[in-house]
Amino acid sequence: MPPGTLVHIGERRREDVTIIVIGYDRDRFEEFACRNPEDAFSCLDRPGVTWINVDGLHDTGIIRALCDHAGIHPLTQEDIAHTGQRPKLEDYGDYLYIVIRMFSFEDGSIRQEQVSIVLGETRVISFQEQRGDVFSPVRERLRQNRGRIRAAGADYLTYALLDALVDAYFPILEELGNRVEALEAMALAEPGSGITEGIYGLKRELRTLRQSIWPLREVVSAFARGDSNLIREPTLVYLRDVYDHAMQVAETVEIYRDTVAGVLELHLSEASRRMNEVIKVLTIIATIFIPLTFIAGVYGMNFAFMPELEQPLGYPAVLLGMLAVALVMLAFFRKRRWI
Amino acid sequence: MPPGTLVHIGERRREDVTIIVIGYDRDRFEEFACRNPEDAFSCLDRPGVTWINVDGLHDTGIIRALCDHAGIHPLTQEDIAHTGQRPKLEDYGDYLYIVIRMFSFEDGSIRQEQVSIVLGETRVISFQEQRGDVFSPVRERLRQNRGRIRAAGADYLTYALLDALVDAYFPILEELGNRVEALEAMALAEPGSGITEGIYGLKRELRTLRQSIWPLREVVSAFARGDSNLIREPTLVYLRDVYDHAMQVAETVEIYRDTVAGVLELHLSEASRRMNEVIKVLTIIATIFIPLTFIAGVYGMNFAFMPELEQPLGYPAVLLGMLAVALVMLAFFRKRRWI
Amino acid sequence: MPPGTLVHIGERRREDVTIIVIGYDRDRFEEFACRNPEDAFSCLDRPGVTWINVDGLHDTGIIRALCDHAGIHPLTQEDIAHTGQRPKLEDYGDYLYIVIRMFSFEDGSIRQEQVSIVLGETRVISFQEQRGDVFSPVRERLRQNRGRIRAAGADYLTYALLDALVDAYFPILEELGNRVEALEAMALAEPGSGITEGIYGLKRELRTLRQSIWPLREVVSAFARGDSNLIREPTLVYLRDVYDHAMQVAETVEIYRDTVAGVLELHLSEASRRMNEVIKVLTIIATIFIPLTFIAGVYGMNFAFMPELEQPLGYPAVLLGMLAVALVMLAFFRKRRWI
Amino acid sequence: MPPGTLVHIGERRREDVTIIVIGYDRDRFEEFACRNPEDAFSCLDRPGVTWINVDGLHDTGIIRALCDHAGIHPLTQEDIAHTGQRPKLEDYGDYLYIVIRMFSFEDGSIRQEQVSIVLGETRVISFQEQRGDVFSPVRERLRQNRGRIRAAGADYLTYALLDALVDAYFPILEELGNRVEALEAMALAEPGSGITEGIYGLKRELRTLRQSIWPLREVVSAFARGDSNLIREPTLVYLRDVYDHAMQVAETVEIYRDTVAGVLELHLSEASRRMNEVIKVLTIIATIFIPLTFIAGVYGMNFAFMPELEQPLGYPAVLLGMLAVALVMLAFFRKRRWI
Amino acid sequence: MPPGTLVHIGERRREDVTIIVIGYDRDRFEEFACRNPEDAFSCLDRPGVTWINVDGLHDTGIIRALCDHAGIHPLTQEDIAHTGQRPKLEDYGDYLYIVIRMFSFEDGSIRQEQVSIVLGETRVISFQEQRGDVFSPVRERLRQNRGRIRAAGADYLTYALLDALVDAYFPILEELGNRVEALEAMALAEPGSGITEGIYGLKRELRTLRQSIWPLREVVSAFARGDSNLIREPTLVYLRDVYDHAMQVAETVEIYRDTVAGVLELHLSEASRRMNEVIKVLTIIATIFIPLTFIAGVYGMNFAFMPELEQPLGYPAVLLGMLAVALVMLAFFRKRRWI
């Protein structure tokens, strides 16, 4: 297919696509939902900042209509629809295109989806794969006019969205941190079958997270460098703050990876120590009793002429001899510091 | 031999060399196959873009005739014929020379061949080792005038070829991904003889892929930097897209390598856990019965004077004694948490 | 919450917040403690350098009052209150904001807290999580007018604080160095259960230290580059000295990490060598006596017709045979160099 | 000793030092051997390019005479005589000094020697440790005036020598590749004693090769950058080609190192799998027969009153009991999937 | 303590501090020892180069007197007295301060001390921890006016000192190389207890060396870059030579580290191969004789009614049966390729 062809990759959902339009400036705030991209266009022409959020990517007609009206390049449209992009920032001159992965918990397992943000002069258009996101605090601040968000421009709104997306990593990290600690405790307790799979599974989730957080760090870093004139100077200090958070997430992931590797090492070393102990016990028991059993076997032989057997003190003498052998063995083991 | 000597390295094939010439501009499209390089020259002089594709490198005469006519440096000619080059981009001023490895499946195993692309002002000459390639979608788009390919220049055609080559990595990745998953499942099930070889083989294929994808990434990156004036500005955004894909392939390969290393670790740890279990069973059985067998051996001795043997309750007493020894042993094992 | 919201993260302490104000120049020195940020303001307007040190971050009202009066950005205020920042240096134009982690011993375990330093033209404001710090030598030098500290500006005071913070890493390193040596000795002596946990714990503490020291190194390096005009040229050579110390701490941590990894390797190799020995002893005893016991078993059988049993020399012949078997076995082991 | 003192380090050889002088330009070619450096001087003054090749470094008088006449710095002279230099390129303004290691096979083992090349405006002086080199094809091309070598300058000759030196790595790589493959086959077949030493030896040879190829890559890269005006522009494209080859050698060495590490891993994993199997067999046999032997031992005791012994069906009953025990054991092993 | 406080860290020695003053130019050479720094001052004012070498750092009064007279910054003085600095080069404008570690052998173990060199316009002041150094060849060359050292300036003298310091690494490397080779031989011979400690000790010494050589490389590199105008242009080529040597030392250390890691791997793999063999022998002996012993045990039972016992051919039949069992076992082992 030629480049810029709009095909939605990813789970096909039943839900309708929802478009939520928020228009605001220092004094004004309007918010409405619509199904039809054309309904959103009117808002774009009003003064102030317009934020159009699209939930659902499977109706490529809506994406195309919205993007064409907003002057978005076909390749960007393709990337919006093709979920599975790696996080990136692309400067198309009159708009910036940002791809980030949004993480959340769903029934105890980590769910991720692609969020695309297009930042223009006075508008922000964001695309998500499905309903439910981490942007509620931003909407709340817009509605209640808390902080300087209503007074600032589209670049500050984009910062707020990025901040919300990066902050959503922290509960995930906390959960993974708990799992790391649980594995740590398991590794020192009875090493059973489950721990290696646990470590392996955790490693895989950390890998997924890492794969997403490292390019994100670069995205925010490129963003905070402020090369584009779509980003006003006062916003930069806020972006630097997001960068710090992204850096903190990245470092925590690295530390968890390091810790998990250490837990595996600890577990293997502990398992090998236990096996050594088992083998030691086997060795001690076997090496003491095998010679004794041999002696007993010798005097159990049925030869007609075995003079010892006729001695009245033969039996206690042999028992004493066996005891002596056992004691010599034990002394040997003690010298070797096995017992 | 002096540099620039044309010697074909690689499998010598029976097939004849085929030259497919495609000439096009916004309104015109012609396509014909020929055996003789001279037949292709006429097309080069017509306006519009000319794409000459050569299938088969063993007839060095054809390569030389074509290249000499197109003003291609002898060193480039040597590199075209010497397959086994690492992917690279070389700027010769009036043309760019690109080497890339083309991957495809053939009977379940991965096949690779060298593709050389020479990008001039209005022409693209591509060389492949044998018939069969990943360029059919590009040809289809040219024939049917889909997208902007017919309206754009030779640089856009080169982009389209690179895009097709990079996209051909994805089915390979998918297949390898399946193998990784199969190994993962095997590592947790009964560890047999096959898994280490499986891991080793997979590692080798990932190494081959990696060896090809990393320089490719650099090639596309150098290409997308647009230092050469053979590449027009609007093509750059498309090249950035190819770069993104190459990056995604490279990252996936790294993740697979990491995963395979993890699978090996999991497998070894699982195998060692199983061995520990086996040794534990051996130890428990042996350490319980070895002392008992010794006691039985003692009372099987044939000494004339063994007072216990004459006791009417000697036998049950010994049996009880043995039971006691066994129970002490079991208690010891339970304390050590072996059973 | 909107960015710049002041919420204190971290342990909530009972103690009151203490503010200690030190004002000085070449001839003047005043020092007083107060509870009320307003009491500190007067000092800021006097000539010379003012150092305001705040112990305790849980009363965000105090932080806000102090910072707002000193013209500190809300994001900086947020970072001061949110402990758990990674070490960083931020240039806000008219002030530099530095975050560093302060390490100290408390009851044998390593304690860390966040120290924030705000360097302005003629003042330094520092924030700590709790009372007790590593700045006593700096205060002493100020009080007694030792060295050039009273004659120099706020940048030199900041250097002195950084120097004290970095120097506080050295006793920690020394303590960890002792633990590394103790582990080393343990690894070569009887390998017991404690060593792997010891190594694991040490690794974790080194990881924590490393996580703090690497960004600190960057902070001091950025500081010593002297891009900000808040830092006068003669102070740079002192900062270079702090950088050297930070570098030394970082390298020592790396060496300890390397050493600990080596200790683990040594310990595992030693443990496996001991297990080999144990298994060898088991093998020697078992392989010598198992055949002998078998022979004894044969002549313990109760068959009616076993001609050997009737031979007068049968018993000594069998004993000699057994001895021969044992000697052959021992010769075999000696040839294999097992004994 | 003061720097620039000429002392020959390395094996002292019996052979005389041979000097081969080749003078050429587009139309002229002369070649003669001499023992006396003075004999070579005359050729230097003639127009065209002069290549003086010295075989043997033990006569430092010859090196000094030649170098002093050619205006070569004493430090360069010292480096020429002190073999064991790492590959490097040094720009002394009016000449470039290149050190490279020449590899060749001698009786199946890899032999290396130091080659020093001094490139001046119109002359090339090369020094080798002993007779026999990889420059024959270059000499042949000069004699037969093949390619553009006679028409080009001293820089092109240096390129040709570098190219020959780099090309000489490929047969070494091929041989090592064969050994890698042989080890691979061995690792999967019966793991004997030789494989670990084989791997270790191969690793060592790869290390030697790597130690030489990485700086060589840098040398050629610095050379191809063309900072010196001793290198004419048309030669640069050829040097880029040599760089490609050096890069290919370096990558192949890395791949072999990776492969060898993989072979070791495979071998260890295979060996541990086999040991597991051995231990399983031991465990199965021992755990089945040890209890049975105990039962037999019980009924071999000589107590006067053992009622079972008098039962007519005692013997078959015990045999059946033993069978039952064995079957239970086997069922247990099957359940554990050991057999 | 304020920065720049002079406190000597390190072993306190009994010896007096010795100051050796050497003054020279092309025609003049004077050398005298003194105890009093003031005696050295006169020489500083004479034309030509003055080299003041101080052996012993414990008398901080001498250091201070000398440094204050020579205009050396208090921080530099502190670094001179605080031994344990990492190698570094600091440019104080009118002098360069160099710290390097000097290595030597003392009774078979490696000894290191800190050497500080202060390079001024016409003077070099060097500080060592104790008497005995590697500078004798330099002094000899000065006394005998060998090479260009007397004709050159203070920068050349500094080069000569650096060169002597770097050259002193080579005998250390040679000794370590011998130990590496001895370990290599041990790893393949009987693996005893000493080898892991040997490897561990060698690793530690290589770590120490590495910790010193890497920053040294940077020091020489910064020196050779010639940013300071205290270094004249003709000296640069000599510094480049020292850099080459430092690089060679660094690379050799890396190779030794790699080799030692390989030796450990080889040793572990060899030890595990031997253990496999031991276990195989145990398994073969045990699995053959355990069933046989069981059979003998069965016919040693004392049941009244055991028909086999009465058969005249019972005994030979059982012996044959035992032989058959043993042969089947041996065949099984041969099939498994254990024997």
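Letters are used for the chains, namely A, B, C, D and E, taken in the order the chains are written, and counting of residues starts over at 1 for each.
Assume a contact is a pair of C-beta atoms (placed from the backbone, for glycine too) under 8 Å apart; a residue touches a chain by one contact, two chains touch by 3 or more.
This is a predicted model, so every value here is computed, not measured.
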### Message
Applying the touch definition from the top, give me the chains sitting in contact with each of chain B and chain E.
### Response
D
### Task
Please state the rotation angle, between 0 and 180 degrees and to the nearest 5, that superposes the Cα atoms of chain B on chain C.
145
### Task
List the centre-to-centre spacing of chain D and chain E in whole Å, with centres computed as mean CA coordinates.
26
### Message
Measuring centre to centre with CA averages, how many angstrom lie between chain A and chain D?
### Response
42
### Per-residue multi-chain contacts in chain D, two or more chains
272, 275, 279, 282, 286, 290, 293, 297, 300-302, 306
### Query
How would one label the connectivity among the chains shown: line, ring, star, complete, or other?
ring
### Task
Report the order of chains around the ring; begin at chain A and proceed in the direction of chain B.
A, B, D, E, C
### Query
Which residues of chain C touch chain A in their complex?
1-5, 73, 75, 79, 85-86, 88, 90, 92, 190-191, 193, 196-197, 200, 203-204, 207, 211, 264, 267-268, 271-272, 274-275, 277-279, 281-282, 285-286, 289-290, 292-293, 296-297, 299-302, 306, 308-312, 314-315, 318-319
### Task
Name, in rising order, each residue of chain B that touches chain A in their complex.
137, 141, 146-149, 160, 163, 188, 237-238, 240-241, 244, 247-248, 251, 255, 258-259, 262, 265-266, 269-270, 272-273, 275-276, 279-280, 282-283, 286-287, 290-291, 293-294, 297-298, 300-306, 336-338
